[in-house]
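Each of the next two complexes has subunit A plus one other chain: subunit B in the first, subunit C in the second.
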Partner chain A sequence: MGVNNHHETFPWKHIVGFIFSLLLTFAALWVALSSGLSAGAIIGIIVILAVIQASLQLFMFMHMTESDSGKIQTINMAYSFFIAVVVVAGSVWTMSFVL
Partner chain B sequence: MAEAAHRYDETMPLEYRTQESRLNILGFWIFLGAEVALFATLFATYLVLFQRTGSGPTAKELFEVKDVLIETLLLLTSSFTCGLAVFEMRRGRLSGLLTWLLVTLLLGAGFITFEIREFIHYVHEGATMQTSAFLSSFFVLVGTHGAHVSLGIGWMILIIIQLLQRGLTPRTARKVFIVSLYWHFLDVVWIFIFTLVYLTGMVI
Partner chain C sequence: MKWSEFFVTGEPLIYAADVAIVLTIIGIVFVLTYFKKWKWLWDEWLTTVDHKKIGIMYIICAVLMLFRGGVDALLMRAQLTAPNMKFLDAQHYNEIFTTHGTIMILFMAMPFLIGLMNIVVPLQIGARDVAYPYLNALSFWLFFFGALLFNISFVIGGSPDAGWTAYFPLASNEFSPGVGNNYYAVALQISGIGTLMTGINFLVTILKMRAPGMTLMRMPMFTWTVLITCVIIIFAFPVFTVALALMTFDRLFGTQFFTMANGGMSMLWANLFWIWGHPEVYIVILPSFGIFSEIVSTFARKRLFGYKAMIGSIVGIAFLSFIVWVHHFFTMGAGPAVNSFFSITTMAIAIPTGVKVFNWLFTLRKGKIRFTTAMLWSLAFIPNFVIGGVTGVMLAMAAADYQYHNSYFLIGHFHYVLIAGTVFACFAGVHYWYPKMFGHLLNERLGKWAFWLFMIGFNICFFPMYFLGLMGMTRRMYTYAAGLGWTPLNVVATIGAVLMGIGFIVFCYNIYYSARYGERDMTGDPWDGRTLEWATASPPAHYNFPVVPEVTDLDAYWAMKKNGNGYEVKEEQLEPIHMPSNSGRPFLISIAFFIAGFGLVFKWFTLAIIAAIFIILGLILRSFDDDDGYYISVDEIKRTERLARKGA
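Up next, the complex of A and B:
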């Protein structure tokens, strides 16, 4: 399922992933430092860029969906990110009521 | 699922050939899920406390774009070269695999060097772990990531030694693949440190 011994001769997937990661990094940097948007908008945008870049790593570099257990791996990571969002957003929201 | 019946499958890349290897790789993914939870708690602590700067410096005063960008590019490139190492491994080329692993190691060492310099610089400016809640949680979060990278460097050196001694076998291939997962994962965590700690700190 998704993996076999058929070899590509040039690592296109990796190079495309790397170029996109660089673009996303510099885009986030530009949005944060030079876009002049409000702090809320900036944080919203750069978090989205980070999630895209993390997905690139998982799919293009880590081959998350390959092998028989690709589905389990993907569900496992999706669930762990769900836990992360709940822990982080839940803590920040709760503590926003403390002085 | 007919494939699951075969204990040894010639059509798959080396690291997936035995059932044991496949289970090891799946197990490592489960471990990475637990690592996400670990870092989530540290991010939560940091994001709750990062404006509690007490009498110490704020994130905005402390962080320097250039240093952070250098660290980010070093780690991102090392993740890329680690991917190339696995690519070479799947083509059956031991020399290519070793070369890219070595490049990955050097970039990782460069990252750690810059991070240690950054920490020393902060301490010299009077920004230590004891200065404020912001700095305590900052050093714990970023330091835990740095400790992971340091561990990864040591681990990768051991794998390289095994590759030199035993060559490419289903066993060593599986070990390379797992250390590569770990390495890429460290870059995933860094993307969020870059975004939620450094960039956010420079904005707010």
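Up next, the complex of A and C:
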């Protein structure tokens, strides 16, 4: 049942993760709106910021390292990675034919 | 904005609907007040976190939506019966096919299956509730208010009219001014959040809350299909969330993601839509496969044939379902490499699907078949669904699809898979599990009448559509000229649709009739079932199982019955049971979502922001919520169990 295991300590990890996520998001916003870089550079930078933020959230919020079943985590991550590649690469490939 | 723009005006049909809506609301308020039922409604339903009640509410809403979508369908069939009909004009027809498609897939098929999932899965795995009961209530209310928001577009502001696929540039501000497509973007977003949370909830429930002894390979087939469906939901819905958000930005804030100018890319919408959309059709078919598997094995009195092959094929289907989406727009002309690739992956899906069909057939082979209503729906599913599947493979051939695409042939295909697959499964599942839900059976005679009417009507309605498609009739046309040779088949199709409507009425009458005269289910096991949901009372007590059962076999309850006296509870074994507390917050948060959504639709941003503050407030309150549920005492369990055994 949905009983929370009570951690008595303050959730520092979550707060720090949250603040860093905000920082990274605003950084991306700034790069896109007011950095004045070329479109290619902007896309490159926000992709990198996005990957950093995704990994940050996996470790800070998603208990990546706390699970007792490493196997499920591995399958899960591999499948997520597969879907992400399919969605992105598949879209780019298909849409490259649109003028 | 003027009031005459706010309310939809000028259509006699809409005025009739306005009157009907107002009368219904007055009626409901009157009945609740007269019988002093407000408190009961709040305590027992609006605040409940019990998966069985939430499931029942899902199914009630789904049946209502089936009615709404069905009325849409009959209106369309009326318009198409004869050439040059003046019953609906083009705009009205566009709105109706849009709401029909959206409602049937997102507010009928999915909630119906999620409702059955809610009722059955925890019982099948011997659990007392889902992993996150509070979240489950929130999922339901988000779906409910999302559906409500979508439905009021009909009388307030105007319905969306760009198809359930809402392709750009048609769905952009430029070509669809008005608020109709804002409703589409916002309402689907709200209910989509609910669906995503359901996916997470049931994934955790199935992985973490199975009764002792129930290994993954002893899980009932329905639970397996739900597990895999959850995985598909979790990976597919975020794509839709993003696509809808971009659509919302385009429509409300003037971004140019999908527009024709300023570097926007209209086909990207189609691409993202189908990355979600194809997995979505598997989200509504896999649980249906699970339902049929349970029913076929119960009424053939045999263990499911090829259990492992079944699991292998659903995993295979789930995997393939993510790499076929381009088959929905072969005609975009993405070049031979892309089209060939997606053509082959699409055809490959027929292989695991075929494996499953043969497994059902072999389960039937030499079985002692009982022709109950649930079994009739399941038996009819097999040949009808195969027709849909075979025509699917025809569509999968990219070169040939240039001919079939967006013709009535396509309409034939997806109705054969969605109706013969999902809708038959919903009816089958409702008849099968009805005693678990309400403690009495649905009448079999009426059930069979409804089955034959609906099933025959379905074939009369949709089989001619394949030929209409081959004769050149395209989808979404609101009228056609005489002399094209399409009239006779269209008349036939309309007759079929009327038969299906009558079948649905008989089904609804059966619910009423059975509530009054239906046979009570005293044993909890009316069908001589095989899985754990039949081990407990009908309807089960709030806590499902007084003692959590031990599982030793795939057909857990069947094994208990063969090796002993079934599921027996000795009073010494009882221990206090921990249950989650009810909460009104999911309901209230969802109302805030509804108001925020309404504000967004009309660009009343102040209203939207105020409602959004309430949403966030609800989340904060939840974070500081220390309610860990409560315990049911052993005495109370004893009392409940004795009453249940006496059949009171």
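Here is the rule we use: the second predicted complex is superposed on the first by the 84 of 99 C-alpha atoms of A that agree within 3 Å, B and C clash if a C-alpha of one lies under 4 Å from a C-alpha of the other, contacts with A are read in each partner's own complex, and residues count from 1 in each chain.
Note that a residue touches a chain if its C-beta (ideal position, glycine included) is under 8 Å from a C-beta of that chain, and two chains touch if they have at least 3 such contacts.
Computed from a predicted structure; not experimentally measured.
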Which of the two partners, first being subunit B and second being subunit C, lies in contact with A:Trp30: first, second, both, or neither? neither
Quick one: classify A:Ile42 as touching subunit B (first), subunit C (second), both or neither. first
Is A:Phe97 in contact with subunit B, with subunit C, with both, or with neither (first, second, both, neither)? second
When both partners are placed on the shared chain, which of subunit B and subunit C touches more of subunit A: B
Between subunit B (first) and subunit C (second), which does A:Leu22 come into contact with in this model arrangement: first, second, both, or neither? first
So the subunit A residues that subunit B and subunit C both touch are 1, 3-4, 72, 79-80, 83, 87, 90-91, 95
Sort out for me which residues of subunit A touch subunit B in the complex. 1, 3-5, 7, 9, 11, 14, 17-18, 21-22, 25, 28-29, 32-33, 39, 42-43, 46-47, 49-50, 53-54, 57-58, 60-62, 64, 67-69, 72-73, 76-77, 79-81, 83-85, 87-88, 90-92, 95
Quick one: in the complex, what on subunit B touches subunit A? 1, 3-4, 10-13, 16, 22, 25-26, 29-30, 32-34, 36-37, 39-41, 43-45, 47-48, 65, 69, 72-73, 76-77, 79-80, 82-84, 87, 90-91, 180-181, 184-185, 187-188, 191-192, 194-196, 199-200, 202-204
Residues of subunit A defined as touching subunit C within the complex: 1-4, 72, 79-80, 83, 86-87, 90-91, 93-95, 97-98
Enumerate the contact residues on subunit C facing subunit A in the complex. 128-129, 131-135, 207, 231, 235, 239, 265, 267-268, 271-272, 275, 322-323, 325-326, 332-335, 338, 578-580, 628-629
